[in-house]
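Read through the structures below before going on.
Same chain, two partners: chain A is paired with chain B first, then with chain C.
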Partner chain A sequence: MQQQVASEATADVALAKMTLEEQEKRKKQLWALGLVGFFSFISIGTYIYNEYYIYLSVYLWFGMIYGMCLQYGKFCFSSAFRDLFAIRVPRMLVGIVIATLLFGVVSAPITAAGLSTFHAAPVSSHAVIAGIFFGVGMVIAGGCASSSLYKTGEGNMNALIVILSLSLTQALFADVGGWANNFVPDSWTQSALEKGLPASITVTDGWVDQYLAGYVWNQPAVTYAEILGMTNDSVSGAFMGNLLVGIIIPAGLLLALVYAIYWRKGYLNKLKKAGKDASGIRVELAGYWSMIIANKRTAIAGLILGIACALHMLVMQGLRVKFGFKNAGVLLDRIGWDFGLSVQGTVFDPGYWYVTTQEAQWVGWSLQKMGIENMDNIYFGFVNGIPNPAINPADWMSFALIGGAAIIALFHDEFKFKKPTWETAMWSVIGGFFMGIGARLGLGCNVGAFFVRVANGDASGWLFGLGMAGGAYLGVKFFNWWTERQLAKEMESCGL
Partner chain B sequence: MGMKFEKTDDGHYRLDVNGYVCPHPQIYTKKALEKLSSGDILELIFDNPSSGESIEQMVENDGNEFVEQKKESGQFIWQIQKA
Partner chain C sequence: MKSDLWIVFAVTAAFLGFLMGYGVPPMQEVGIAAVGGHGGAAVENTAESDAVMEQYRELEKLTE
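After this line comes the complex of A and B, so read on.
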């Protein structure tokens, strides 16, 4: 009798616990719906106020799609290289290649029709060096620029520290002059002066200014189509030059290399263990395919991400034609927000997915409000401006990206407010710093300087990627040493 | 709170990497499994969802097996048997 009462009581406790968990889940799902309502309210409300706000809302909703895809597929550019080198897992690299290919395939007709918002970046060894800085940083930080946004949406406060560190580093680095001018070669200074920039831009005072105007701008900005003597807005240039030569062939070779080094052996061993035939071209092809579909969530996220990125460019270009401007600076001016426009009247308005510059901008805006003059440099003062973050189109995208990730995380019960420890906060700050330097040297991050560029046939994209891979390798070497040391201390007491 | 590794029973070990973000959970798991003997069980506790995706594939690729995979209030508790 006593036993029966005890077991009934245990069952009641278990049931109550389950009901509590169910209630928690439901509460999270309500929060997710609330977020959808919040973003809808912003879009509808601002549109009713002024139709120009639809331009910002398009950034917002694509940002939300990016956040949803990133969280759903646990899509992290950092882990693409890091997990490959550290634990021999290629799932993320495969996901990124799928996303890049899809982005390229959908972009090609848009580019051929002359409707792309993309502009190639200068090509030289600076992209590799920038990639190395960025690669080291993303491994130390525990995530790249885009994944830090989606992880913030999961409630991960370490990721928020990464964003703060990355944003602050960029804003300060873009403006650093004085002592840093001693590290500028004379040829850069001379070349920068010859560019004839407006007087408000003190081009000889600022390391990044002289790096940009004295070196980077002198490098050719070309796509694979242009290298092969074709134009981007032609069918042959967009499909043969940029898509086939710039993406499909190198991506295919990269995956074949990853299969041969990281996947093939394990796959063939599994076949042998199961007593199946493990030789021949059919087996190799099946092995290659098994690597592609090994993680369906990542592959699906990559697929949607790739298509969304290309459609984003098309919609932005359509709105620019509709409203008759080429840069959102004009739009902000028309709706009465003229603070923080660059000397050319422009603001940062990429027309596609981008992460780091809008992060630097909100810090730049905050510093300006604190009385620190930072509109005398090229980055803020001549090109991107420092508009109020509340009205910055690209900031709407990043903000919604965090929101989109939060929505999916809440629906899947993966939202958890995670407080940083001193150790994890330290890695976040250091990693964010290195990524900030890399992003400014490379004129973008894993998204702007690698993903978008590769998918659009920009010759500098793979160079940045090569640097990122090298940097990730160095970062993994460091963490292997660090974790080995920490684990050895803990294992001593277990006799291992 | 830092990483914790302890022996819970004969052939049973616990690795607690709660609070850590990538790449710590996956690297610690890999290194811990390398040190264990065939048949040993590692109980892994972590709360970083993206690490889980990588750890799952690593365990499968290395021929190790999951004995149990539980999720409680945003925390993952996985039992892995070394091959």
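After this line comes the complex of A and C, so read on.
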């Protein structure tokens, strides 16, 4: 009798626990649906208020898709390089390269049709140096610029600290002058002065200003199609120049290198253990293919990301034609939000997926509101402006990206509020700092300076990627050294 | 759970469909060649489209 009562009680507890877990899951799903409802309300409400807001809604919905894909595919450049260099696992890196390739395949017809909003960035060694800074930073921070956004959507507060540090660093670095001017070569200052910028831009006061106007702008901004003497908006240029020469061949070679160094040995050993033939070209090709399909989740996310990125450019271009402007600054002016427009009347309006500049603008706007003048530099004052984050087009994309990641995380029960420790917060701040410097030097992050550029045949994309890989390698080496040092200290204190 | 996730996908697809329907036809009306990847023929700017502004726009492209 007693045994029966005890077993019934255990069953009741188990049932109650299960019901509680289910209730918790259900609650999370309702939060996810609530987020979708919120974004729908924003889109419909603002559209009813003023038709022009639909332009911002495009950023919002594509941002949400980017967030959903990133979270689903666990799309993280930092993990990709860290796994490769620290534990010799290439799965994430392969997934990212495949995703870039797929984005390139989808972008090519849009570029060929002349409908792409993409424009190439200046090409020189500065992209490699910027990549090194960025790579070191993302490994130290434990997340790249895009993955920090999706991880914030998963409730990871370390990732939020990374974003804040990255944003603050960019906003301050873009405006730093005074003592920093001593580190500017005279040739940069002279060249910057020759650009004839508006009087409101104090081009000789600011390291980044003189770096941009005195050095970066003097570098050629070309795609592979243009290097080969073709135009971007031609079938041969988009498919042969940008896609084949710019993406497929280098990506194929990179994957072959990764296969030879990190995958081949393990694959052949597996075959030998199974008593199968482990030599010949067929075996090598099968091994290469097994590496490519090893990370299906990232590749699927990459495929959807690629399609979304390409459609995003198409819709943005369509709306620009419909409303008759090239930059959303005109749109904001028309709807009465003229604060924070650049001297040219522009705001940051990339027309495609981008991460870091809108984050710097949040801080730039806040600093301006606190009385710090930062519209006299090229980054904010001449090009991107510092509009109110509530109506900043690209900010809608970043907010929605966090929301999209949260939606998928909530549905898959992967949302968890993670409180930072002092140590992790410190690494997040330091990592964000290095990423911020790298993003400003390279004019973009792992998305804007690598993913989007490589996929669109921009010759600077692989250079930034090369630097990012080198920086990540240094970051991994530094972390190994740090961990071993800490371990040795602990053992010493224990008298071991 | 699965059906709720499909609600998310359906709402997202519906908005995307609307946005594409809203944004793409204007290009078809103008003609792809007229758009030419540079924003269309009838483009308004806040400042005069003189040579200096054209130079500025080129510089702007290099900065993001």
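What to note about this one:
Everything that follows uses one rule, which is that the second predicted complex is superposed on the first by the 480 of 496 C-alpha atoms of A that agree within 3 Å, B and C clash if a C-alpha of one lies under 4 Å from a C-alpha of the other, contacts with A are read in each partner's own complex, and residues count from 1 in each chain.
The rule is simple: a contact is a pair of C-beta atoms (placed from the backbone, for glycine too) under 8 Å apart; a residue touches a chain by one contact, two chains touch by 3 or more.
Predicted model, so just to flag it, every value in this text is computed and none were measured.
Contacts of A:K416 after superposition on the shared chain: chain B is touched, whereas chain C is not.
Legend: residue contacts after superposition of the two complexes on their common chain; A:K74 is shown touching chain B, with no touch to chain C. Looking at the shared chain after the overlay, A:T298 reaches chain B, while chain C stays out of its contact range. When the shared chain is aligned, chain B comes close enough to touch A:M491, but chain C does not. Contact with chain C, but none with chain B, is seen for A:G196 once the two complexes are overlaid on the shared chain. Using the contact criterion defined above for the overlaid structures, shared-chain residue A:G229 touches neither chain B nor chain C, since it reaches no partner. In the superposed model, A:G336 makes contact with neither chain B nor chain C. Overlap of the chain B and chain C interfaces on chain A comprises no residues. Touching chain A in their complex are the following residues of chain C: 1, 4-5, 7-8, 11-12, 15-16, 19-20, 22-27, 30, 32-33, 35-40, 42-47, 52-53, 55-57, 59-64.
Chain A contributes residues 25, 29, 32-33, 36, 40, 43, 54, 57-58, 61, 64-65, 68, 111, 113-117, 119, 121-122, 195-196, 212-213, 216-217, 221, 232-233, 311, 314-322, 324-326, 329-330, 333, 341, 344-346, 348, 350, 354, 357, 378-379, 382-384, 407, 411, 443-444, 448 to its touches with chain C in the complex.
Every residue of chain B that touches chain A in the complex is listed here, in rising order: 1-7, 13, 19-24, 26-28, 30-32, 35-36, 47-50, 52-54, 57-58, 61-63, 71, 73-75.
Listing the residues of chain A that touch chain B in their complex gives 21, 24, 74, 76, 78-79, 82-83, 86-89, 91-92, 139, 142-143, 147, 151, 154, 156, 158-159, 263, 266, 269-270, 273, 294-295, 297-298, 409, 413-416, 418-421, 423-424, 476, 479-480, 483-484, 486-487, 490-491, 493-496.
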